């Protein structure tokens, strides 16, 4: 038996087109591109066309509660975009950029998997186009200005060092920096205080960047960052210590979405990567809008399961940006349903229809939640080798009870070809206008 | 009176060519370039041609002991490269990349000045092509692996936390990070220890990168980094904690020199930026060799005055790389000579021939030092508005006593046109083979 | 109107007898005393006579839930002891030593109040006989030995610095020492780790001293102190780092009870002072037993209200020592009952019978709790100027429902004379054997 | 061969008199004593009689540069005091109290040695009469008040936390407390800053106590303690933060000298113990004056060799107190002279006359130094088993050249009997008025 190749083997052996050719598919001229090598480019914000944003179609990929290994949302998003292209639609995925921290940690990169990947994989997983580095610098410049302000006794703001909640960041899994004491070494080396480093995707600047409407709005949001308080309890903001201009100039390129490609040569935008745990967990509004300006169908995803990820996507991102998703793909695996049915980790790869039946409550609740937003979901069963027909039938039967289809996807193994049926159903939902998205509150 | 424009006004109002056109002047094809936007590109190491390195001509720009404002070595280097092109030579400057720290500090950027600048100035002074960021990441990945090793009690190396001399870096003027305590917050957050952040140009990795002969050599040097010692006093190196592979992959693009242009459209390589105070203070060996492979004349500089900068350049860089500089430009200003003659800061702009006469001892000693390396220097008087003919004559007379010419340069105000006479003398020295460089020791 | 004198005025203007005369009242010869000046003496443990301990009578003073100002347990204990002497009984109070921390804080000293005080007040509130200082030294010697063990790499115990739960102590209100980082300053100055100082009464050694049966038992308990764990999770105790001998020698005098006197010249033993919040909150077992060996009636108290203080006294101290209290005085104030009835702080000094009626539930519950231990309490109403007959009658009526007397005490204003009625009832309860103490569990 | 008993064996097996009997020898009534147990007492300052201070005779014991084991100054001082008593003089030693730190460290106690010791040795080496503890408390109360001041933002003094030079103290060898960070743990737990603990003998309060003329002078000196500076650079003193009253009350007993006895039952005063390394290294002025008020001859010592110890004693203590030493004993050992002659540590116990001859330069210089103060020294050779007649003769010959006698003392082995000849010479020097002390500067 020949082993299935690793992600990196697939990514590195794949043919890759010059990014100018990918841009051409979107009608973007070479002169509008800012190349980062041959296979990555930044796109100017001027490509955003609000009229097209309203006309074109936004598809959200979300998931049921996963096992620790994840349900494959990114893989499914890429496969679906490829699938849509295969059935003749002008479609693209618009996704988050990965953090370097987990790359060197246990979790690995975050550019899809199998034959549904974004390339050049290694570049994307390392420095990419410098966006995370720019956010890190802007974040830490604010920190340096805060400490400089404390040190400067001509400073007009009576900032209490113990009140400062703004932390430094580094795009690294580095637990020893979580809680630190800074400013020691005597009078010339600052004011001693407790501080700490978060990982860069947890920077408030990352969250801000992904919610910004344009560069001016980004600057306004940077100015509104809460730093700490004065000794008398008055709040102090980034604008109060004159940090906005310098932070913004560090972010002037970072605000532009990044164009790359799938293994099948379809365009993908990667932009921003706020953690879903503490922030909104979705790519930038600007990238989503640019995707909708350049393609008829945009596939995007939201971190974590639907109860957290889709909820934030709908109530925060869509409301802020005025976006209206027309289809929602709810990714599920038979493995995860077995897990929710009580199967132990070591047995997850073995068929167990009874466990799947018990675990389906999780899927049902997510469908129910999504329907409250007045969208019509389709369930994508991310296929694994050990899945049995009996188990799949159980899922499809339950979904049918909600008027929802459950479609098998083999995008991991087959690329876009494995997601054609799913793509067709997504198009069907959109063309039949089965959804009329409404946020729960606004 | 119309004020002389600021550096940034000049830089931003200058016409700028697509970097593919600059590369074309060097005979480098577009396909060989890795673009970073339209005006920056990385060049592949395959362009280095050792035969041409030996044939072509290397010119060092150094300086007398400066005033705090500096003597203008970078400006002179750029002006000289432009001047050489104006008198018909195929020449380029090969210089250091600036650190972001001083950009937001008092000293400002480091891409030349007046009409002898490198552009795109703002990009160069900010993230540029991500080299400093990559070095920062590689440096801090090693730190994270060290702390991870301490935390992991299955680790085979009995590393004493108090012995660790490897510090983290950040490309920021951030005094509060100079001395810190890390790893606090209980058992899950690391081993408490004293640490600190240096500025990125002070990272040993920066020094290593600039001395590396190729990627393999870089990896070997990374492995040799001393981290600290075991409890029993045995030295521990980066290779011992298996950090080399990950560090190297983070530096795979960083090792490639960056192509930009002067205001006059002549090619410039910027690569590496180790501080002269604690490291060698010159750009990478690889960039210097690439310059010598692509142009007949390469102008480079070394940080600080000649006693420190030229000395390190000769004895460290030239010896390591087998380079043989054929001309040396010793930059001086009348202002600095007044300063060395005892004039107070507030009076430095006023003519004072007696002070210049007293201050010339500084210039003489630098000439004397340089001649010990068996090179023939030319003194470049970096012209300032208040310089008098009497003062200049004093300089020229003293230089004549050493068989050395002292030539006025107005490159700051006039660009390459202001350095034509200097360029001609540099060519003259080289063509007449007046130098036969020998290091003091090897 | 002449203001009532302050505690310190009363204490300093009172006549005071040489401590040898006080000892003589107990039948203790001068040669058995270790003087600390003329008015304090330590007594040898050899004076403890277990037979007399069993024969003589132990009275506990406890209280209802107090206002922040306290209910006056110590004052009542001293007044009761004086009152017992006044009605012809050989009685003494056996109480805790005060901590220096609160003396310089807001709460002030802890040697009773008004005309029911222990003297020499100032000495008692400052260094007294050095007991707290000795405990501090023993505690901190253990800390120093722990850090020395960490520093000494020939040490046989692989102690994990992050696991160390043993903290240093200082008898001082010093918040800046609560959380500290120690061991910084390089290799010669220890292993960096998080530590902190508790106040001395919170030292485990204080708790141990007050539960020790004799010097050998103290040493055994010192050896059992848990310090932290090895890297592999094994517990480490004080005995493991050979700290017991040195700690014990520092405590050799500290273990001996201290004899002082009331303002009325009756003997008092003060010994030990563990905080009631985190430890048992009562004086040493050895002092209580010595009191019972030297006097027919011993009055003692337990910190905090009866639900915490009496409960710990009964279930911890009495069970450990085999003591059998025969009477319990439950101190209440009309002020506190108003407080429990909902009166605001600013109005607490004004009569409010309805509030007292509402607040009596607190008193009832404490009576109920005490009766579960099979002891017969008497309520002592600590008289304040604004108390009305109506309010007092309410208290007495409710107590009568439990078969309990509520007796007014004016010991603060009148000394022992103000507690004679209370003393008589205590004697009555004991002589009629109304109590037969049983712990709730053992 | 029977081994010579250890110091502690000698001390514990010696008969000891009640301290009231020792006081009686000085004419001090029992009622004037504050007992600390039976063998220690504090004496009231009212016993100081300035007229007797001027009449009676002060003898300083100092030493040549010692080996690490010390030259035996304390032993010699005690032996000399006993010796003076043996030849019929009313004499007493007045010495420093030992620090607890070295007791548990390598150096051991500091109450003399062999048969020239002060007893009760164990008490003296542990808590003694609480003086060190009181100094520690006063020192640390000031620290707590400083940190409280920083925390209290209504404070009127704009004290810069980084400027604070006042450190905490603990009487413990505890290297991990030398450099610490305090005030961490959030807003309620103080202002983070660098601090550290010194050992108690290094407290400035120890130095102050030993230079105080009376309690009022002590308070004035406490008020003058420099704490740090304001942000604008103005000095801040202890009096500025209202710390003096509380510190002084903690020192009210500590200021009184402590009476103990030698093994031969002669009175000794021990009071104060500032380290010679950073402070004056001698006991309190008050104790020295009290000694001179109660005895005809007072023997005192000064820490370290004569060039440091005697110099500070003369120029600081004697000048401050108006004292006039009439004799100086310079202690030397043959071992130390061998050491100064170049003999290695392992060979120090073996006779080597040539080395002694070479090492005598050290002794000569100390004699020379002492003579500059216009005092007439006598050299005391502290006898050791391996000393040879030839070596001793060498010493005596060299001393004779300076007009100085060198007398063998066997006080360690023989007690006062071994120092009678030395005592006689001291009396001789004083009666013949061979000294007329003059400080080098004043």
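A few comments on the model shown:
So that you can tell them apart, the chains are marked A, B, C and D in the order they are listed, and the count of residues begins at 1 in each.
In this section, a residue touches a chain if its C-beta (ideal position, glycine included) is under 8 Å from a C-beta of that chain, and two chains touch if they have at least 3 such contacts.
This one's a predicted model, so the numbers in the text were calculated from it and none came from an experiment.
Any chain that touches chain A and also touches chain B would be listed here, but there is none. Relative to the C-alpha centre of chain D, the farthest chain centre belongs to A. Centres computed as Cα averages put chain B at a distance of 73 Å from chain C.
Centroids built from CA atoms put chain D at 61 Å from chain B. Of all residues in chain C, those touching 2 or more other chains are 181, 184-185, 191, 193, listed in ascending order.
Those residues of chain C that touch chain B in the complex are listed here as 153, 160-163, 181, 184-187, 191-194, 231-232. Chain C makes touch with chain D in their complex at residues 34-38, 42, 100, 104, 122, 126-127, 130, 133-134, 137, 140-141, 143-144, 147-148, 150-151, 170-185, 188-191, 193, 196, 246, 249-250, 253.
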